[in-house]
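Okay, so chain A shows up in both of these, paired with chain B first and chain C after.
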Partner chain A sequence: MDFLIEQFGNWKFYLIGAYPKGPLGGLSINIAIALLCMIISFFIGAIFGMGRLSCRRYISYPCIIYIEFVRATPALLLVFWFFLFIPSVLGTNISLFWSSVIALSIYSTAYQAEIVRGGILAVPRGQMEAALSSGMTRFQAARTVILPQAFRMMLPSFVSFFISLFKETSVIYIIGVIDLTQAGVIISQRQPDRMFASYLCMAIGFFVVCFSMSRVAKTLEKKVGILDLSSYRPTVCRTDLSLYPRGRGKSAA
Partner chain B sequence: MITGIKVTVLIAVVTSVMSLLLGTLIAVMRKSRITPLRALGGLYVETFRNIPGLLWLLFFYFVFPEILPSGLGEKLNAYIYFPIVASIIALTFDNASYVSDIIRSGLLAVPPGQREAAISTGLSRIQQYRYVLLPQTFRKILPPLGTRMIHNFKNSSLCMAITAPELTWATQQIESLTFRGLEATTLATAFYIVVSLSIGGVIIILEKYLKIDIESITHMETG
Partner chain C sequence: MIKFTNVNKWFGDHQVLKDITLEISRGEVVVICGPSGAGKSTLIRTINKLEPIDQGEIIVDGFNLMDPKTDLTALRAEIGMVFQHFNLYPHRTALKNIMLAPQKVRGLSKKKATERSLELLKKVGLAHKSDAYPIQLSGGEQQRVAIARSLAMEPRIMLFDEPTSALDPELINEVLDVMTSLAREGMTMIVITHEMGFARSVANRIIFMDNGEILEIGGTLDMFTKPKHQRTREFMSKVLHIPVANNNHEDKPEEGG
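This part shows the complex of A and B:
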């Protein structure tokens, strides 16, 4: 067990890299990149996801092509692509961190778009019809009726996608960002006889984050899954059927 | 680059087949009545799902020879195809955990009456799985399984981290030799896109084909 305790002495390097003196690294850069990509790609992905569902072909076809092409490409290749593309085409150097953020956001945008699409399709058709028949425009209906319900159903998939994105961030080690994997590899190269312990530390780092997030996803699934929709549908029906519509104003919301 | 494509396809095909077998085994283990087996299956899935595949690749390539007895480890390191073997092992284990989860959800989706019927006709447990449960499961899970296999194919690009001579590694070699990295990477990306989309197409065709099969069976049962 001594060798493990010795490895844990390096915990700072595993967690934040050489942060105060050098660039941020370690596990925190994995989390930072995953979060940034998640936020960026959430908005772009929502646009693409809704675009794919659009009935206008000049909107939906480009979205389909983008989503399918990106989903068919390995994340590693996209990371490489931006790593090589931005300096050679724009002629400017961009930091490794930002190039990997751009690449992984493009990667995750396609997946987020599919999640958004799935969520919108999971909303019962009647909701849209009801919204349209109450005089809303398609845009209003989407904003006030469909999307709030869809996002609720998407929440568990977002969390589980975050887990897979977080694991996917380990590929940036290959272009030389000092993330958790790179930190572990550096340490293991410095002490080749302690290799097993340093890999164990990396594994623990990833495991803790992913495992806790997957628990969060499971709880979310129970709390705001499809269950929730079924629990509030009867109340809507009741106000519609009642002879004394006291809650009229509220039932529309 | 052509050799790169060959190695990529080799890794992808071998890991897909092996992980399918291993995944089925683990899924059945997780449904077993024997608690240690069930616990072992659960542990396996949780461990491999929560740690990225890249880490497993590095683990099997760098660490695995270290923890073996010294003579054996050195032999492995000297073995010329060890990167490919290590990447096949690592990706198989990694993919099998996802596959087993998919299969498990498929097994849960098979109506319990099927199992009861199989028991009452006197099939042993192995026969139940072999003839009744698994065929139905695989039909149900074909779409997610296909997605997983595409993922597995894409994951084979990670093997470049351990210098397995596959497509991505070949593009990097071209880049370092000729500085034409962008072109090589674009070409490799195009290859990945074409193959992934065609796997997806094959899965869709297969799904349609099998669906007709199911319908004809149910028709026979009812008619």
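This part shows the complex of A and C:
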């Protein structure tokens, strides 16, 4: 255990990098980038997701192309490419931090768009029909009936995507940001014989954040009230549809 | 009030409505029956243009449905629709389900919408369930809330698409009672149902459909006792559980009813 305690002596470097003497780094930069990307891509992703569902081709096709292209590209490549692309095209330098935020936002927008699309498609058709037949416009129906249900259903996917995005942020080492993994690598190189200990520390760092996030998500889901899908179905079918109807075995005749 | 003239509709190669010509007048209660796949649902869904038609003309309450300039939302606001699977909004309470459209479409204030919605809940006998979510209601209660939701728009026509076929047998009557009282108030109603007891007590006419065609239209009694078409006779004998007056069947013993 000594080697771990020894490693924890470097906790500051693991958590915030060389800050305040140098740039912010370590675990906090992973969290900051993941949070920023999640927020930015949530809004843009919602637009792309709904755009993909549009019946107008000049709206849906560009969305499909964007989503399919980005999803077929590794995040690592996007980060690296933006780092080179922005200075050469815009002629200005951009901080490593913002360069990674932009690249990873573009990456996660494509995934969030697909989550939004899936959520909207999961709302039964009858909901739109009921709203339309009561005289609402498509826009009113989407805003008051479809999206509130869709977002409740999307919540678990958002959480799992956020967790995977958080882990994905470690790719920013490629352009020289010192995030948690990179901080660990630097420390491990100081003491090559204790390499495994610093890698263990990185794992602990990622685990603590991811695990607590999924715990928070669980309570959030309960609070917002994930829709019980059986409420869409008529009561009679409820027991017929479940694999193991209640009371099975007891009343077997 | 509703007038179909030579209406045709296809789903791909399959013709679901064949040359439908039909007129329904104000205050009439019409029951549509027929085997599944006959086009009953499609027929009533064309009335509020949930399904567009390919040929012919439909005029509903002065709105020409084939005219692209027709204001569909204004038309749909005048037509209530009740679905087989209720289609209540699961994220809203019973009261809020009813309030939504009057607030959004008619622009009622929250206070007025609440008042009217509570009144309607009372009318369908569910005043005590106003704060319940759809999941907390039984099937029959859900369908009654759905009826109240349609009535909140003060429609001139009500369409019912198999309103009781997803319900437990014991819950059917509470829904039919609400529908019966609605019919007695003079609402124009088009009902797809196989509840012949309901048809007998409130319907003015019964339409029998098969294979996208209207095979027979007749007064309620005529359709029960002396349907003209062989296909209608077979169908009626099945839904009524007794052989309807039919020479071919006279020598057979009556089946349990």
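Criterion: the second predicted complex is superposed on the first by the 214 of 253 C-alpha atoms of A that agree within 3 Å, B and C clash if a C-alpha of one lies under 4 Å from a C-alpha of the other, contacts with A are read in each partner's own complex, and residues count from 1 in each chain.
Just so it is clear, contacts are C-beta pairs under 8 Å (C-beta built on N, C-alpha and C of every residue); 3 or more make two chains touch, one makes a residue touch a chain.
Note that the coordinates shown come from a computational prediction; the quantities given were computed from them, not determined experimentally.
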First, second, both or neither for A:28, with chain B first and chain C second: neither
Chain B versus chain C as contact partner of A:134, first or second or both or neither: second
Contacts of A:126 with chain B and chain C, given as first, second, both or neither: second
First, second, both or neither for A:88, with chain B first and chain C second: first
Which of chain B and chain C A:60 touches, first, second, both or neither: neither
Partner chain(s) touched by A:191 [first = chain B, second = chain C, both, neither]: neither
Contacts of A:149 with chain B and chain C, given as first, second, both or neither: second
On chain A, positions contacted by chain B and by chain C: none
Chain A contact footprint on chain B (complex, rising order): 46-47, 49-55, 58-59, 62-63, 66-67, 150, 154-155, 157-158, 160-161, 168, 171-172, 175, 181-182, 185-186, 188-189, 192-193, 196-197, 200
Interface residues, chain A side, partner chain B - complex: 68-69, 71-78, 80-81, 84-85, 88, 163, 167-168, 170-171, 173-174, 181, 185, 188, 195-196, 199, 202-203, 206-207, 210-211, 214
Touching residues (chain side chain A, partner chain C) in the complex: 124, 126-127, 129-137, 140, 144-145, 148-149, 152, 225, 227-228, 230-237
Complex contact set, residues of chain C against chain A: 48, 50, 73-74, 76-81, 83-91, 100-101, 104-105, 133-135, 138-139, 142, 146, 149-150, 153, 166-168, 171
